[in-house]
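Each structure below appears as structure tokens.
What follows is chain A paired twice: with chain B in the first complex and chain C in the second.
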Partner chain A sequence: MQSTQKFKNLLNKVSSQISMFFKGFAEGNIITKGSYIVMGLGQFLRGQIFKGVMYLATQILFFYFMITSGVSNIIGLKDLGSKMQERVWNEARGIFVVVKGDNSMLMLLFGVATIFIIIGFIITYIMSVHGSIQNEKIILSGKKPNNLRKDIELYLNDKYHVTVLTLPVILTFLFTIVPLVFMILIAFTNFDRNHQPPGNLFTWVGFENFSAVLWNDPLKSKTFIDLLVWTLIWAVLATGLNYIFGMVLALMINKKGIKIKKFWRTIFVVTIAVPQFVSLLLMSQLLADLGTLNVILREFGFIETFLPFLSNPTWAKVTVIIVNLWVGVPYSMLITSGILMNIPTDLYESAKIDGANAWVQFWKITLPYMLFVTGPYLITQFIGNINNFNVIYLLTRGGPLSLDYFQAGKTDLLVTWLYKLTVNEQNYSFASTIGIFIFLISAFFSLIVFNKTASTQKEEDFQ
Partner chain B sequence: MKKLLLSMLMILMTLSLVACKAEEPVAEVKDVTLKVWGSQEDQSMLSGMIEEFKAANPGTNWTIELGVVGEPDARTRYLEDPEAAADVFAFPNDQVMDLVSAGALYEVTINKAAIVAANIQSAVDSATVGGKLYGYPMTADNGYFMYYDKSVFSEEDVKSLDKMLEVAQAAGRKVFMDVSNGWYIASFFIGAGNKFEMVNGKQVLDFNNATGVKVGEAIKAFTAHPAFLTGDDNVLKAGLGSTVAAGVSGTWNANDISTILGANYGATKLPEYTLGGVATQMGSFAGFKLMGVNSLTEFPEEAMALAEFLTNEANQVKRFEVRKLGPANKNAAQNASVLADVALSALAKQAPYAMSQNSVAGTYWGPAEAFGLALENKDYTKSIQEMLDALVAQAGN
Partner chain C sequence: MIKNMKSRERFSNGIIYTVLSFLSFIWLLPIAWLVLVSFRAEPGAYTDYIFPKTYTLDNYIKLFTDTKLFNYPRWFMNTLIVAVVTCAVSTIIVLLTSYALSRLRFKLRKPMMNVALVLGMFPGFMSMIAVYHILKAFNLTQSLFALVLVYSGGAALGYYISKGFFDTIPKSIDESAMLDGASKNTIFWKITLPLSKPIVIYTILTSFIAPWMDFIFVSVIMKDNYANYTVALGLFQMLSRENIYQYFTRFAAGAVLIAIPITLLFIYMQKYYISGVTGGSVKG
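For the complex of A and B:
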């Protein structure tokens, strides 16, 4: 309910701004009207010389940019280039001189950047018009508009948040939002091995890649669905088991009567000292068909040939989950033992007086408390596991590969499949489509679960 | 339209400018800046070669920068940003197709006849796409053959795969081959005459025809044999001399294997296998390393001269001496020390049955590995025909 109210407020604000924009033109005097055409006029002629010059400069720069390259960048977005690279024989030099053609990738990038520049300009334009209307009102009420010094004071005090946040916002757009939009748009093109710049062009194909993933291409959609199911199973088991085992370990160490607690804690934490990728690569060598473990077992006569830890699909799936436990339990043990020590002991004491046994105490006190505190951590872990590239790729490389799948193996997560499609296949558009699906899945789980967890809903309860 | 006119005008002007420069009688010292990519291990050797190149071509102000990009990464790194990529770079021949279709390489036209004549035919073929030469052959050693333990096999034994398996089993040893790898498993299909083709950028295979199915059965029989062993190079090297009697691998392991086997070190071409009752010679992939010139380079002639120099006879011999890389140059290959190399001569024996990897697409490797893996794991839930149908369909996707 609260969010719909917020949304309504936002809509009202926007519509009042728009009506002000048009009313300002109808009701304003000649200077205000002129500032709709020449940016900064309403500031310049009313004593705000610096502001006016800056607005005018922005306008001139923008028009210069649009005429020199902006317009052609936008037109280029339509087809992403039409001129192929050419080779012209040059008799005197004895070589085929390469005449550069259009580069679809750069055209897409520049087009996207130009759109953002236009949006930025429109915002500046509205700000200048808005300022002009305000200035007129201020003059009508008999005051003077702020001069430069007063403006600077304003931005260092009341509007300090604007001053501080401007740079980060611009940088975020430049290095995160623009590339992100660029990558998302690639999903709607046919950018792959056969449409590779600079020699070839790629172009828009609409939702072709999406339909291929979902239903059009049986092999690809089967791969997608199967890998999605496995990714979710993996994420649930990897997160849940790590959490439970970490907590059990922490409880055992924390239990009264256990001696040399520090020693036990240290022993389990030592595994963190070995970098994760080292342990994973070692594990994959250890568990290979002819790896150390199999050879030892065979030498002692326990097995005839070898146990297919990583080469049989089902074994491999179990193996990655168990190895992930080994890698992840120390972390969850550390986190949970800190919280366990923080549970107020009087809760347990009063429970004991009421006759609750250890089991009931765990279910009624420990677990709710833990889940409350670690809810957001669990969600982060879950999302992290959906995209857990390291464990899968370093341990099995997604293998064993299967003919049932499109260039994927039985333990491939969506994210490792995406990696293979990009690096081995240069199938960028299809990989980008998968990327969008992964994002949707992660966003869905994060939003739903975050909003449902106790710690966000009942923030004040456990204080 | 205006834009087209403008660009045409620009091209005309640049061309006329270039023409003017050529006619100018005063020879100015030209500034030429080039970037070269080579692998980490080749850096000191390459910088030596570049110094020699500078000394051999005075009259130009050379600035040649050397960057570390190994041959296997060349394609990926090039496509990341063609403008920033090296002007001259080395790459394995299986990347030729992708690089050419991306318009990445300058066609070799200067001294073409001499280059073609100096290098072995298969190496030149591997650098040729659609009748045009796109690279300078650099090495010719990226293939595989059979290493064997002379204390177990006679020279007669290693001619037949069946005989080898029989002898090995009797001796309680294994014959190693990484069948779950598209590169090695292809040797059975190539030997039987199955074809790799590229049609409109898609892989076309005929592995699921009657011959292909027989090949599949032969591989199945091989992998089911008690003396068969698979794994990676480490498994081969760890087992040779004790549990493993022979294995299929390439020149990169020659030093290690000759150290392990000592006096019993032997290498020869791949054996014959039994295809539907007929002895058939196993084929193989022959890999070459090439040098290419970036199509976006500012100085094409100079870059070509450098690429040609880096791959000439003297420098190919140097590559063998310093890095044990087998030469593609005919004269360099006749060098006494090259001929004496056991592994390289085994590779030369395999060469008539080898084909270049030019018409193999990236989509082939995954399904081929999956097929080999299913046979290694003795997963016979699907028939050979079904599996090969799936392989062909996936590779052509």
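For the complex of A and C:
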């Protein structure tokens, strides 16, 4: 109900904007009418010289860009190039000469960029027209439109959010949104090792990659399903166990009567501070088949042959979860210990009077309280673990490898599979498809939890 | 009765001390091993003993003198430069973004936060490949500048923790300043920032540390341009199959050298870390 209401509101807003756009043209004077064709006219002729010049410059640049390359970029999006690179016999020099063909990748990239530029231009255009209409109204009411100094003041105060957010938004567009759109589009192409620019072309293939993952290609879909199941098991165990053990550790350190709390805490903090690629690479050496741990165990006569910590699929899965405890417990210890101290002590007092022992207190008071407070933290941890690249890749590289899988090993998560598919296999289109599935999975879980946690909705209460 | 309780208390504390000591031992073991290896004179990754037969400082000295194959001082400087610039840029971006999303009210605020949430759910590595191609189109790949762009370009999406902190500053402070005629710009620089020292320090430190820890993005960006490697990627190379026997001890020495400053920073910023991470959620 609420969402349909919201949607209706949105529609109303959009339609009123559109009608204002046309009404402004019909009712405006000659300057306003002109500013529909020449951007900035309505600003320039009404004393906002700087603004007007900027708008006009934007328009000129945009048209120049569209004529020189924009239009052809958009046309190029249709089939991402048709001329393959080839070697032509050069009679005069007596050698083969490489004649450059179309580069599908750049064409897709420039096409996407052009679409964003067009959208940006349309927004600027509407802003300029809107400003022109406002200016006319202001003049009719007998006032003067803001000059540059007034405008700057405005952007330092009432419109401060515009000033502050411009740079972050631009950077996010350039380094997150455009690349993501690009990669999402790649999932609908056949960009792989055999279709690599500049030597080769790639083109649109529709949902082929998606159907291959889901049912069309038995090897790929088996790999996907198996890795998905393992990813989820891993994420649940890694998040849950780390959380519980971290909390137990925090409870121990913070217990009344335990001395040198800071000392204990610092020991565990030290392990956070050692870069993960160092500690995990070290662990993988320690736990290898011929690694130090096995060698030492054999020296002492505990074992006859080495223990396959990282080379047997089941052992490896258990090992990564345990090593991940080593990595993650200090973090959750740090985070939970602050909150644990905030639990109202009277809860425990009354529980003690009721005769609850420490075990019951933990399950009935501590854990529910902590879950309530750290709900959002847990879900970010969970999603972080779905995407936990370091632990798996540095410890096992996804291995032991398996022929049942398509380019993956038994401990590979979806995200390390994605890495291998791109870096080792250059199967970009398939990797992007997996990336989209990872997104859908993360989004699914976040939606469930975010709708249930109160603390995200109550942000205003505490200000 | 009281005596009984006291002895029980002592008993349970004793157990906790034992457990804590045991856990500390396990947690410190790999690190102790790393330090020992870094002083080991005998080469090789796998040994059947823990304590080196002969101790030496050679591994540390060679890191800085024998730079033909692995130019550690150069990597160290690279990482330092990237870390300083990244830290400056992304701290500003994170603080501006979180301030706007926490203290200012405007139409696009909620939609922007939702978009940030959605963007955060894509695996970071996915956009990395596209970023690589974009940088390549601008002829920027394999440069330190590209690395700075990559580390600070996505910084805005990490606004969440500092926003949580800004949320806890009472709004009445802003309101009274506004009554005195202060603009929002003045409020941000003169009032909010000085009040937010912990989160500013936290943001600076985390963004400074990130380039030292990361090796995925560097490996995608730098490929085979050894001169522009960062410490992490360089050390990673030492453990490749053909190098590991000879360079394992030197790897350990290099790792210890970057672990020490980061450890000190971390110990120092513990309290900020806690107040940063929990500041946003404690209010539940």
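Assume the second predicted complex is superposed on the first by the 376 of 463 C-alpha atoms of A that agree within 3 Å, B and C clash if a C-alpha of one lies under 4 Å from a C-alpha of the other, contacts with A are read in each partner's own complex, and residues count from 1 in each chain.
Rule of thumb we're sticking to: a contact is a pair of C-beta atoms (placed from the backbone, for glycine too) under 8 Å apart; a residue touches a chain by one contact, two chains touch by 3 or more.
Remember, predicted model here, so these are calculated numbers, not experimental data.
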Requested in this report: Determine, under the contact definition given at the top, whether A:149 touches first (chain B), second (chain C), both, or neither.
Outcome: neither
Query raised in the report: Looking at the overlay, does A:219 come into contact with chain B only (first), chain C only (second), both, or neither?
Result: first
Query raised in the report: Which partner does A:85 contact after superposing on A: first (chain B), second (chain C), both, neither?
Result: first
Query raised in the report: Should A:100 be classified as contacting the first partner (chain B), the second (chain C), both, or neither?
Result: first
Report task. Using the superposition on chain A described above, determine whether A:423 touches chain B (first), chain C (second), both, or neither. Result -> both
Report task. Check whether A:283 is in contact with chain B, with chain C, with both or with neither, and answer first, second, both or neither. Result -> second
Query raised in the report: Which of the two, chain B or chain C, is in touch with more residues of chain A?
Result: C
**Report entry** Touched partner set for A:175, first chain B, second chain C, both or neither
**Finding:** second
Query raised in the report: Is there a shared patch on chain A that both chain B and chain C touch, and which residues make it up?
Result: 288, 290, 423
**Report entry** Partner chain B, residues of chain A touching it in the complex
**Finding:** 72, 83, 85, 87, 90, 92-101, 193-194, 196-200, 219, 288-290, 308, 311-312, 399-404, 406-409, 420, 423-426
Query raised in the report: Can you name the residues of chain C that touch chain A in the complex?
Result: 9, 13, 16-17, 19-20, 23-24, 26-28, 30-31, 33-34, 45-50, 93, 96-97, 99-100, 104, 106, 109, 112, 116-131, 133-134, 137, 149-150, 152-157, 167-171, 183-185, 188, 212-213, 215-216, 219-220, 232, 235-236, 239, 248, 252, 255, 258-259, 262-263, 265-267, 270, 273-275, 277-278, 280-284
Query raised in the report: Which of the residues in chain B end up touching chain A in this complex?
Result: 3-4, 11, 15, 18-19, 22, 76, 79, 82, 98, 100-104, 106-107, 109-110, 200-201, 229-231, 235, 295-296, 300-301, 304, 361-363, 365-367, 369-371, 373-374, 376-377, 382, 387, 390-391, 393-394, 397
Report summary line: So, in the complex, the side of chain A touching chain C is made of residues 105-106, 109-110, 153, 156-158, 160-161, 163-165, 167-169, 171-172, 174-180, 182-183, 186, 249, 252-253, 255, 257-258, 264-279, 281-283, 285-286, 288, 290-292, 295-296, 299, 326, 330, 334-335, 337-339, 342, 372-377, 383, 387, 389, 415, 418-419, 422-423, 428, 431-432, 435, 438-439, 442-443, 446, 450, 453-455, 458-459, 461-463
